[in-house]
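Have a look at these structures, which come just after this line.
In the two complexes that follow, chain A is the common piece, with chain B as its partner first and chain C second.
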Partner chain A sequence: MLLTLAFRNLWRNRRRTLLTLSAMVVSAALLILALGVFSGMFRDMLASATEQYYGHLVLAQTEYHERRDLFAHLDEEVASRYITAEETEIIGISPRLRSFGLISLAETSQPVEVLGVIPEREKQVTSLQTKLIAGDYPSDAVSNGALIGQGLARKLKVSTGDEMVFVTQAADGSIGNDLLIVTGIFATGDSRHDNNLVLAPLQWVQQVMVLPGRIHEVAMTLADPMLASLAADRLNPRLPGDVEILDWGDLLPEMREVIAAYDVSRMIIVSILYMATGLGILNTFFMSVMERTREFGILMAQGMRPWTIRGLVLLETCILGGIALAIGLTCGALMTLYMQQVGIDLAGYITPVTYAGGTILPRLHAVFEAGNFYVPAGMLLLVSLIAGFLPANRAARLDPVQAVREV
Partner chain B sequence: MKTEHVTKTLPTLFLTVVLLLFAETAFTLDVEALVRQVEQQYMGASSRAQTTMLVKTSHWERSLEMEAWSLDRDYFLVRIIEPAKERDVATLKRYREVWNYLPKVDRVIKVPPSMMGGSWMGSHITNDDLVKANHIEKDYNLRLIEETETYFLVECLPKTDAAVVWGKIVYRINKTPQVPEQVDYYDEEMVRVREIHFDDVQQIGDRIVPMRLTVLPLEKPDEQTILHYRELVFDLPLDETYFSLRNLKKP
Partner chain C sequence: MDLVRLAWKNIWRNRRRTIITLTAIAFSIMLVQALHNLSFGVYAGMVDSGVRAGTGHIAVYRNNYLESRDEILHFRDGSLVDDISQINGVEQVLPRLYIPALAQSSRESRGVLLIGVDPDRERLVNPFLKTLPADGMIRSADSRDAVIGVRLLEELQIRPGQKFVVTAQHEDGSLHSELLRVRGVVNSGMKDVDSSLILVGRGRAAQLTGKSEMVHELAVILADAGRETEVHRQIAAKLSKDQDILAVSWEEAMPNLANAIKLDYASQKFIFMIILLIVAIGVVNTLLMSVMERMREFGVILALGSKPMTLRCMIMLEAIILGLLAAAIGTVLGSLATWYLVAVGVDLADLVPETLEFGGVVFDPVMRASWDPVWMFRIAVYVVCLTLLAAAYPAIKAGRTTPVEGMRHH
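After this line comes the complex of A and B, so read on.
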């Protein structure tokens, strides 16, 4: 009965209700879209660092990450000893050997970081194969095929099929050197990787560095990158003391802070926007309650308890909030979907920005994240209730005798 | 691998020796004049050496047999003879440029500025001093700080506008025979980071030369490079054409 009453009351002043409703819908939908785009930006940043280089988890000797010590190497099979097939959340495992040295062509030389990888394994961890602008990803077919960044290719003036010399200090003290053939060129937008990173077959790097069967680290990807630190905490106790697993938050502390700060700023943005929406709701219901003073008086005179009156008004705001939520979430989700599938390319206006160890790509692109829906949704209901509470209280406190006389 | 700012290069060591050998007369009087004279006397000087280089680090030890030629202060060529795996790996220095020849890939590579601080042939000798230490008296102010019965101490402080690696270099030179005994290298914080000791003094022609140099990187007490001259010949008929990129490739 109360529900029907509340519902009917809402539509007595259709224009006003619709206006308020549309304000709530628009604010919720736009908020969801904006948060989706923000999340997309952070996801891009995180992906640029993890899916183009680190991976979500990295197993290596303790302090290898800080010192990059050439001699801090591990057995090639180290991962299979500690990471079992039961770890279903780990969806990619790639052993790597890292070497710093020079790529030379006649008189030009560039300092580079060569990552020795097993191409098929590395593809599970990094996504450079999706960033190719020329040639192909190295395969097992070419024993010295290399994938290099666009910036490096430009500096060395090489294209696919060209030979380059890699020179480094080998582990036995000799000058490690050998020829690489460019099989592919990638462009990530992250200048550090585009200018310095070279992917080469693991065996080739092991031979140049005189480190047969050795690797420096095992990079891993997870189904959900946000669970990386939990996974690291769970796996680390299994490892011997001189080996550790770091998650991307350890590798990129700034990134972790940026993302933590995002959770706070999301609340602030939601609060500010809903403050305005809340005032609109408040206004609508005050008006509605004032208009119905006489009506409430009669209802009370007939024996309706004050808390029922209060409940009636609150129910009205809740219904309004609920309807706004349903439409707002749908619209927000649809817009987010559009931005996820299509997005807006800004490459013509801005260049990639590197920040906190990641790269913000010149595009507006949204991702779905549960928090971007339930935070605005929950807040909208909360605001509706708060905004409804004052008018409801006023209605409940009416003196029936005076209220009935009101015109 | 990170570069090691530990030592100067082989030719530097050659130079150190030769520079000090020629230093005799004017040295006690005026260090600047000494250097000028040294520079002039050095003109035209050439040498050929057979050396053994022993490098010991905390991870590996190795021994290289090398043959080296030098001309003036500006030309230097060294080629590895042993071990077989690295045979014919060679380094050429011409003025401020350093080139390496890598027989495995049959390529000549110019050492870029970013790698000049890097280790030379895995030793505690870097590419950098190969170029820079040849200009000691141009980049540093020399001063006699101590003279005893047996030795001189010469302090070299960098000139204000000189782009140098060391904060201070101190030479200890024996009086008779006039040969270097020890050179200490200090970083910018004036912490002593490297020592080179000279011994096994021998007469080569009309010169007296210490035939063995030991490079000690003080930050890594268990590491050292020992360079031993097994054969040393001065004043050979060499000219600049010998120090060509083509010759770098051809033994």
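After this line comes the complex of A and C, so read on.
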């Protein structure tokens, strides 16, 4: 009964209800869209660090990541010893040998980081094969084929098929140098990778560095990157003391903290926006309660309890909040879906931006994340309730005798 | 004048509604102004530390060195450093030579970007170097002293005072090596900088590559960032003798920083827009309610001979008064909030990592606002215009009533 009454009351002043509703829908829907886009930026940022370089988990000697010590190498087969096929959440395992040096062609040379990889395995961990702008991913067929970044290619003025000289210090103390042939060029948008990173066959790097059969790390991908630290915690006890598995959060502590801080900033943005919306709801309901003073007086005179009156008004705000929520969530989800499928390319306006060890790509691209829906949704209901509380109180406190007299 | 008085009185007929609406608008203005001023201050701080560690407010390059990083694009600085230093508003001019090189210790090697600098000038400006102890700085441009990033030092497994070798391509095409000694260590908090920075005297750098008296970049630091355009013009005038040497602003020279700011501000603007949209809907709602309530009254006024236009004007006047009042209160509140944010600031130390890097500079966890009165005024004007726009529909609606209809209305 009360529900029907509340519902009817809402539509007595259709225009006012619709306007209030539209304010609520607009705030919820646009908020969901904005949060989806922010999440998209974070996703790009995380991907730039993990899917283009680190992987989600990295097995290496303890403290290898502090210093990247040339001599902290491991046996090539180390992964198969500790990571069994039972670990179904690990979907890619790639052994790597890392070497720092200078790469040069004719009169130009550039400092680079060369990762020696097994192409077919590396493809399971990083997604550089999807970022090719020229040539092909190195294959086992070419023993010295290299994949280089767009920035590096531009600085060295090389194109696919060109030969470059790589110079580095080998493990035996000698200066190692050898020829690499550019088989492909990638462009990730992350300047650090595009200017610095070179992928070369593992055996070739092992030979240049005089480290046959050795690797520095094993990079792994997971089906769900957010479970990386759990997986690392589970696997680490199985490893001997001098080897450890780090998750991306250990490798990029600042990024982990930024992503954690996002929950706080999301809360702040949502509260700020809803304060403005809340005042609008408050206004509407005060009006609607004031208009009905006489009516409430009569209801009370007939024996309706103040609590029921209060419940009635609160029920009205809740219904309004519920409807706004349904429409707002739908619109928000549709807009997010659009931004996920299509997105907006900003490449013409801005270049990629580095942030917390990752890179935000110049595009607006939304992703779905549960928190981006339930935080705005929960807050909207909360705000409706709070905004309805004052008018409801006022209605409940009316004195029937005076209220009935009011015109 | 009577109309204004009438409008004023009408606003206050429903005191609570007006106050709630005013609060909503004023609160939104305060929020938008305070948030903008906060970002304005944070961005200014980021730009300042960014240009001091980077390319300066204005950078001078030969041809397209900025994009191509082609080492051949060096130029003889000659008297340029002194010439530019004399321009009013220039705080410092930093000549720099960039050399891609291989740094080697007895155990390790790393590819690095060696920077040949004028140590005395650099020390006065570069925030990374300011914290170095007196004996931690390169002694002269020709010495073998080097200042290097803390992570690079660790990766090379050497300690301050120890020697290491850098190898780079000489102008004649062969590889040249120089022995350097670690003099100072920089801990900037940015992984990229700490793992790749090596500063040496420009004389020593020139010997490595054979580019004596040459530079790749002149970084011009201004005493007052606001005079950038003016100084830029003066520098360009001094360069015009040689067409190939160009001055570019930091926005072009450090796109990462400029775009970080752009991106951050764009997302903030989107939030501002949503806030203002909600405010507008609220104003339409309030004014429409007040018009609907007074239909009977309008009917009477019209019947007494008032023109519909007068009615419309009255509603618009009510909106203007509401808007102006809200803008005034909002700006006062916004100024108070800004004043607090300037004096005290927001300390995010508990929320963000100590060394959070954004757009290539370390993000200061204590955010401080900075005044931008022009923008505050502009947003106040926007809100008044918005209120007027929002009043259009209610005003038209009021003007359309006929006396009969209006008086029948209940």
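Just so we're on the same page, the second predicted complex is superposed on the first by the 405 of 407 C-alpha atoms of A that agree within 3 Å, B and C clash if a C-alpha of one lies under 4 Å from a C-alpha of the other, contacts with A are read in each partner's own complex, and residues count from 1 in each chain.
Operating definition for what follows: a contact is a pair of C-beta atoms (placed from the backbone, for glycine too) under 8 Å apart; a residue touches a chain by one contact, two chains touch by 3 or more.
The model shown is predicted, which means the values in this text are computed figures rather than measured ones.
Once the complexes are laid over each other on chain A, chain B and chain C cannot both fit and instead clash. Touched residues of chain A, counted separately for chain B and chain C, are more numerous for C.
Looking at the shared chain after the overlay, A:Pro240 reaches neither chain B nor chain C. Of the two partner chains, chain C is the only one that A:Asn283 touches; chain B does not reach it.
Using the contact criterion defined above for the overlaid structures, shared-chain residue A:Pro362 touches chain C, although it does not reach chain B. Contact with chain B, but none with chain C, is seen for A:Asp178 once the two complexes are overlaid on the shared chain.
Residue contacts after overlaying the shared chain place A:Gly378 against neither chain B nor chain C. Of the two partner chains, neither chain B nor chain C is touched by A:Gly322.
By the touch criterion stated above, A:Pro212 is placed in contact with neither chain B nor chain C.
With both structures placed on the common chain, the touch criterion links A:Gly161 to neither chain B nor chain C.
Look at A:Pro111: by the touch rule set out above, it reaches both chain B and chain C. Note: residues 68, 70-71, 100, 102, 104, 107, 109-111, 167-169, 173 of chain A belong to the chain B contact set and to the chain C contact set alike, using the contact criterion stated above.
Per the touch definition, chain A reaches chain C in the complex via residues 15-16, 19-20, 22-23, 26-27, 30-31, 34, 37-38, 66-71, 100-102, 104, 107-113, 154-155, 167-169, 173, 191-192, 196, 253-254, 257-258, 261, 264, 269, 272-273, 275-277, 279-280, 282-284, 286-287, 290, 349-357, 360, 362.
Interface residues of chain B, counted against chain A in their complex, comprise 1-2, 55, 57, 59-60, 62, 85-86, 89, 100, 102, 104-105, 107, 109-112, 114-115, 118-119, 121-122. Interface of chain C with chain A (complex): residues 16-17, 20-21, 23-24, 27-28, 31, 68-72, 100-102, 104, 106-113, 154-155, 157, 167-169, 173, 175, 191-192, 196, 255-256, 259-260, 262-263, 267, 270-271, 274-275, 277-279, 281-282, 284-286, 288-289, 292, 351-353, 355-360.
Chain A makes touch with chain B in their complex at residues 68, 70-71, 100, 102, 104, 107, 109-111, 165, 167-175, 177-179.
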